[in-house]
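Both of the next two complexes hold subunit A, though its partner changes from subunit B to subunit C.
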Partner chain A sequence: MPNRLSISECIKLLDNREIKVTELVNAYLREIENRDEEINAFITVTKDEALEKAEELDRKGKRISPLSGIPGGIKDNICTKNINTTCASKMLKDFVPKYSATVYERLLDNDFVMLGKLNMDEFAIGGGGEYSYFKPVKNPYNISHMAGGSSSGSAASVAAFECAFSLGTDTGGSILKPSSYCGVVGMKPTFGTVSRYGVVGFAPSLEQTGPITRTVLDNAIVLSKIAGHDEKDPCSIKRDLDFLQDIDKGLKGLKIAVPKELMDMDVIQRDVRKCYEKSFEIFKELGCQVDVVSMPSLQYSLSAYYAISSSESASTLARYDGIRYGHRTKEYSNIEELYEKTRGEGFGIDVKKRILFGTFLLVEKEKNYLDKARKARTILMNEYERLFKEYSIVLTPASPITAPAFGEKQSNALEKYYEDIFTTPINLCGIPALSMPVCKDSNGLPVGIILSARHYDEKTLYRFGHAFEAARGILK
Partner chain B sequence: MKYEAVIGLEVHVELKTNTKLFCGCRNEFGKKPNTLVCPVCAGMPGTLPRLNKEAVNLAIKAGIGLNCKINKFSRFDRKNYYYPDLPKGYQTTQYEMPLCTDGYIDIGGRKIGIERIHLEEDAGKLIHEEDKTFVDFNRSGVPLIEIVSRPDIRSGEEAALYLKKLRGILLFTGVSDCKMNEGSMRVDVNVSVRPKGLSFFGAKTEIKNINSFQYTQEAIGYEINRHIELYENGKTPENETRRYDEKSKKTYTMRAKEDSSLYMYLPDTELVPLDISEEEIDEIRKKMPLLPEEREKMYVKEHGLSDFDCENILQEVHFAEYFEEAAKLSKDAKNSANLLITQIFSLLESDKVIKIKPLRLAEVSNLMTDEVINSSTAKKLLEKLWEEDFDVENYVKENKLFQINEKDVLSRYIDEAMEENQKIVDDYRKGKKKALKALTGIVMAKTRGRANPRLLNTLLNEKLG
Partner chain C sequence: MINFALKHIYDIFLTTKVLEVIILDITNLEKLAKIRLTEEERKEIEKDLAYFTTMLEDPFKADTSNVQGTTIVSHTENVYRDDLVEDFEDLLFDGEIIVPRIVE
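And now, the complex of A and B:
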């Protein structure tokens, strides 16, 4: 089963001509065919294009990049020229862009093989993977559980061996959380590392695109190929792309910070806490020092995140008005009605909630919610900065819970909201973070941790992750 | 009771850039609808703006020309509202932190304050045809600056003066072509009236999209009187938006004034804040062309031009450049200016292109100065040069257009004319002084317009006694 191999293993086989690209691609396509009907990770499978590309690469023989011939999937909010890009929304269900996101072009330039477009929460808003207009994404470890979101298809497809890697996008944990629910490795790079041109977002000050893979090394390989300055994205940064540089250096003498405030939270499930604490032991065995530190401002991060992301979404999603493209209501007698009905019909419930909340914040000017949120953001950044002077990484659980079951009534909206407690500070501060599995809970669902580091220090995250992965062993 | 008007102007000006503010589409007027559009300026999903540095530099130029403080740090915001010509559902503008602040325009001794200049993008245009409405996005994303004056203007005349000065500065800095008919300059006016000496503001009316400086002046005049009349009758004007009707010369209610706090504004985080260095600003400052006021001073001091001359020549940048070029080659620049304004400008067509080389104007002017030709020959030559270019001196030689400066030659023509027109001579001698002009004309015609006018005048006077 070549689709069970890691990217780094595939690279060796492809380099040595021990396997054909066509065989590799066929293995993945078979897996999609067999399994995706229940997982729902894909919205569009580009089977013919994938086979054609594989044959072309086999004919050519020459591998121009480590990613040459490696099959991957793309989250459906990343524009792919001439291929449906739906954002899992009724609003864009027939939208076919005439342009590509820079990050997709980079993959094409590296001769990757495109398998298709991955399911997600509508417009990347939502955390469970159940808010797709088309179908809910199911957790490959247990299909009665969610995959997490919003990059639900991206995480589930990799976990189900339907892709060697995938691209997801992360605004408030949308890569990190589903990766942990599905037991795979997800990276949210430093803000500005991967071009956002052509990525349909909703909160530009928070968003990044990143890879999801089955191993840490694979993840670093993919990031190396998609990162880099792009003049089409004003927030894109010129920086070192040294992600693989320290990956084998080991962890002797490095210091890890564990925020006391998060550890004390009673929303954390018992199994999650157990796995989290187990990760301390593994890191200590690898020669690290684990210190409990205080980050008092973490308590503001959820409110600040929701204020900023919602207000930005109210504005960013305004362009879906039925005038130029996308869904337009059938009957209307004036322009106001056209807007109301188009947007009323085109958007799902979670997107509407976010827009309404954001609009409320923008209209209620006297209360200064947004100013307060921005202040909290600055304070939080300062807190991280202070910590990273002494510590290489901050270690937290990926989520207080493991993947919830469908239909499981969450006791209240607030509990759902707390799912993002560990991820939102990362997006608010633009720092890089790696989500990876530690072990499984009593139901056999994966439990993950998140390592975050100072800006531009993905190489340290990969160093920690790689060592941890080797010590932890394969997740069984 | 004495009243005082408080007037502020908001002027939108399209920048003369090659490309749009946030994408690579060409910035041109009058092209076929939706031919200058790309995914970015059509607001397609996932596209991102990319700031055009040329637009920023032009806005800085405007700021320097209008004596503003150029803010090293400024930011783009989104102004959210729904309209079919607004592809993103918001206009990218500068709300909280504009690029330029605190400038002024001197309108002949009085300084009218400029509160701010900010950069923003234009919207597309709706085209209505029968029962259908189409949207043309060619203008979507065209760079604009909005120049907001302080409420320092007191009359329609002052407003027109302010606009004229503003237009001159923007034209001569190359910031905009300021064509009101093409919409590259748009004027909104805020008017209120209060009892003189008091500092509160009265009810404010806004008059939108006025088509010319003349109409602006008229609209303000009308509005001031309307307000005063209402106050005199114990009423107060509404806070509202009005439009000016050019035919009836009156303003009419359009709608109640929008409350600007209803707009949703938020920082545009797709763009990084503008961070402009002192060096960049200095670089632009160094390259600033001479502004109309500085040119006027130079014309008066170096060439002896009148206010009237200056005003005419400084109407357009290419007029000024033309004059300056001709002046360099002229023995008497004032004479060249006269020829330019009285002769050449009367030949202009609507495109305002001057079809004579500045060198030729100087050649004609110099022949006049040297008394080789007279003014009526000069006029004929310029008309001829408008049709085709030629070497003026050769042409004058070949066609024997020299001025007749010889006393005896001219005397002969005069004698002939007097003999043939005894009645006019008699009229003159009876006291009809106008007859002199008629005789002058007759002699001029006989000489094919070549008589030295001064000599002719002296000789005629002598002979008529």
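And now, the complex of A and C:
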């Protein structure tokens, strides 16, 4: 079954003409047909376009890039010209962009085969994958459990062998957490590494686009093809980055920091803690030094993240007013009522919560929470910077828990947000991070870890990840 | 579900003035954000916002004197592009563009 192969294995077969692109694409389309009715990873499947492209590539014969003929899926908040881009929202359910995001164009330039648009939490707000207007995304390891979010379809499709790779976006853990819940490899690159032009965001100071794959090497291959300066994105960085150059160098003598404050937290499930500690042993066997270090500023990260992201979302999502595009309410008597009813009908409950919270923060002047959150962000960044002078990576669990079951009751709204405690510092600081599986919990659900590194040091993360994966094996 | 040892902190916060402010302001926030909520949504959001606000005090524990806030972590460079003029022939009337009416 060619759809079970890694990208690097497919590259060899395609290069040696031992497999046709159409065979590969058909294998993935069959898997989507057989399985996606229960997983719900896709919002739109572009079957005809995929087969047409595959036939064209087979006719052409020449492969112009490692990604030539490799089938992938795109999160549905990334604009794809003439293909629905819904952000999993009623607000944009019929929206067809007139242009494509740079990141999608880069994949097209590399002759990848587009399989379709992937389900997500509405407007990338949410952490479980259950807040899609269309249908909740289910975990391929156990469909009564969530896939994680917001890039839920991106992670679930790769785990279910419905895509060789996918693109997700990450604002506060939206690539890292679903990758962990679904047992796949997800990269949140350094802020500015991948162009965000044409990506529908909600918190512009935090967001990045990144790849999700089944192996670390595959991840580095995809990132190599989508990264790079884009003059259309004001935050795009001008740097030559080679993500593969150190991947086989081994880890002897490298130092890993483990934050004491996170180790002490009793919110971490027992199985997650066990797998996390198992990862220390694997890294030590690979020649690393693992030190427990204090990072006191981590305690501010969750609140700083929610203050900043909510405020930005209140501003960014103000554009959805029913005037230029998207949903518009049917009955209204004046312009104010048009706005209010359109937004009331078009947005889901989690998006409304975030906008209202952000609105409160933007108008609140007495305590100036937002200003305080931005200062806490600076303190956190300084702390990471100090740490990275001595350590190559910081190692944490990906989430305090494994994928929760649908309908599992939380005693209050904050419990859900505490799942993001390990991911939010990464976005606040704009540093790169790699999420990868370690083992499974007693219910057979994947447990993941996050490796984070200094700005622009994705190559070190791939080096650690590749060595770890070789020692532990790929999660099955 | 997660066993939060910190749960008692929420209960302390629930008695603070911050919560009262949010409960009193929810209708005003709807107006400011231009979102009309149903009664059911209003109740749920009111309750959740109260929990959210309990988190906001955390950064106040930090010493932020002489610390400058971070709004973005990388450099930014303004992007200027030429306007893209689409086909508007059918909107031309007597040499002027007639903009379609949005709100009747």
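Keep this in mind: the second predicted complex is superposed on the first by the 475 of 476 C-alpha atoms of A that agree within 3 Å, B and C clash if a C-alpha of one lies under 4 Å from a C-alpha of the other, contacts with A are read in each partner's own complex, and residues count from 1 in each chain.
Keep this in mind: a contact is a pair of C-beta atoms (placed from the backbone, for glycine too) under 8 Å apart; a residue touches a chain by one contact, two chains touch by 3 or more.
Everything numeric here is computed off the predicted structure, so don't read it as measured data.
Superposition of the two complexes onto subunit A shows a clash between subunit B and subunit C. Look at A:359: by the touch rule set out above, it reaches both subunit B and subunit C. With both structures placed on the common chain, the touch criterion links A:205 to subunit B and to subunit C. In the superposition on chain A, A:323 makes contact with both subunit B and subunit C. When the two complexes are overlaid on their common chain A, residue A:233 makes contact with subunit B and with subunit C alike.
Residue contacts after overlaying the shared chain place A:311 against subunit B, while subunit C stays out of touching range. Ranking subunit B and subunit C by residues of subunit A touched puts C first. In the overlay built on the shared chain, the residue A:224 is in contact with neither subunit B nor subunit C. Of the two partner chains placed by superposition, subunit B and subunit C are both touched by A:335. When both complexes are overlaid on chain A, the residue A:79 reaches subunit B alone and has no touch with subunit C.
By the document's definition of touching, of the two partners only subunit C reaches A:429; subunit B does not.
Residues common to the contacts of subunit A with subunit B and with subunit C across the two structures: 205, 231-235, 314, 318, 321, 323, 335, 339, 359, 363.
Contact residues on subunit A toward subunit C in their complex (touch as defined above): 191-192, 205, 231-235, 237, 266-267, 269, 297, 299-300, 302-304, 306-307, 310, 314, 318, 321, 323, 332, 334-336, 338-341, 343-344, 347, 349, 352-353, 355-357, 359-360, 363, 367, 369, 371-379, 381, 400-401, 404, 408-415, 417-418, 429-430. Residues of subunit C touching subunit A in their complex: 1-7, 10, 22, 25-26, 29-30, 32-38, 41, 44-45, 47-49, 51-62, 64, 67-79, 81, 102-103. Those residues of subunit A that touch subunit B in the complex are listed here as 77-79, 85, 87, 92, 95, 97-99, 101, 196-201, 204-205, 231-235, 311-312, 314-315, 317-321, 323-325, 335, 339, 359, 362-363, 365, 370. Residues of subunit B that touch subunit A in their complex: 39, 42-51, 78, 80, 82, 84, 87-90, 135, 261-262, 264-266, 268-272.
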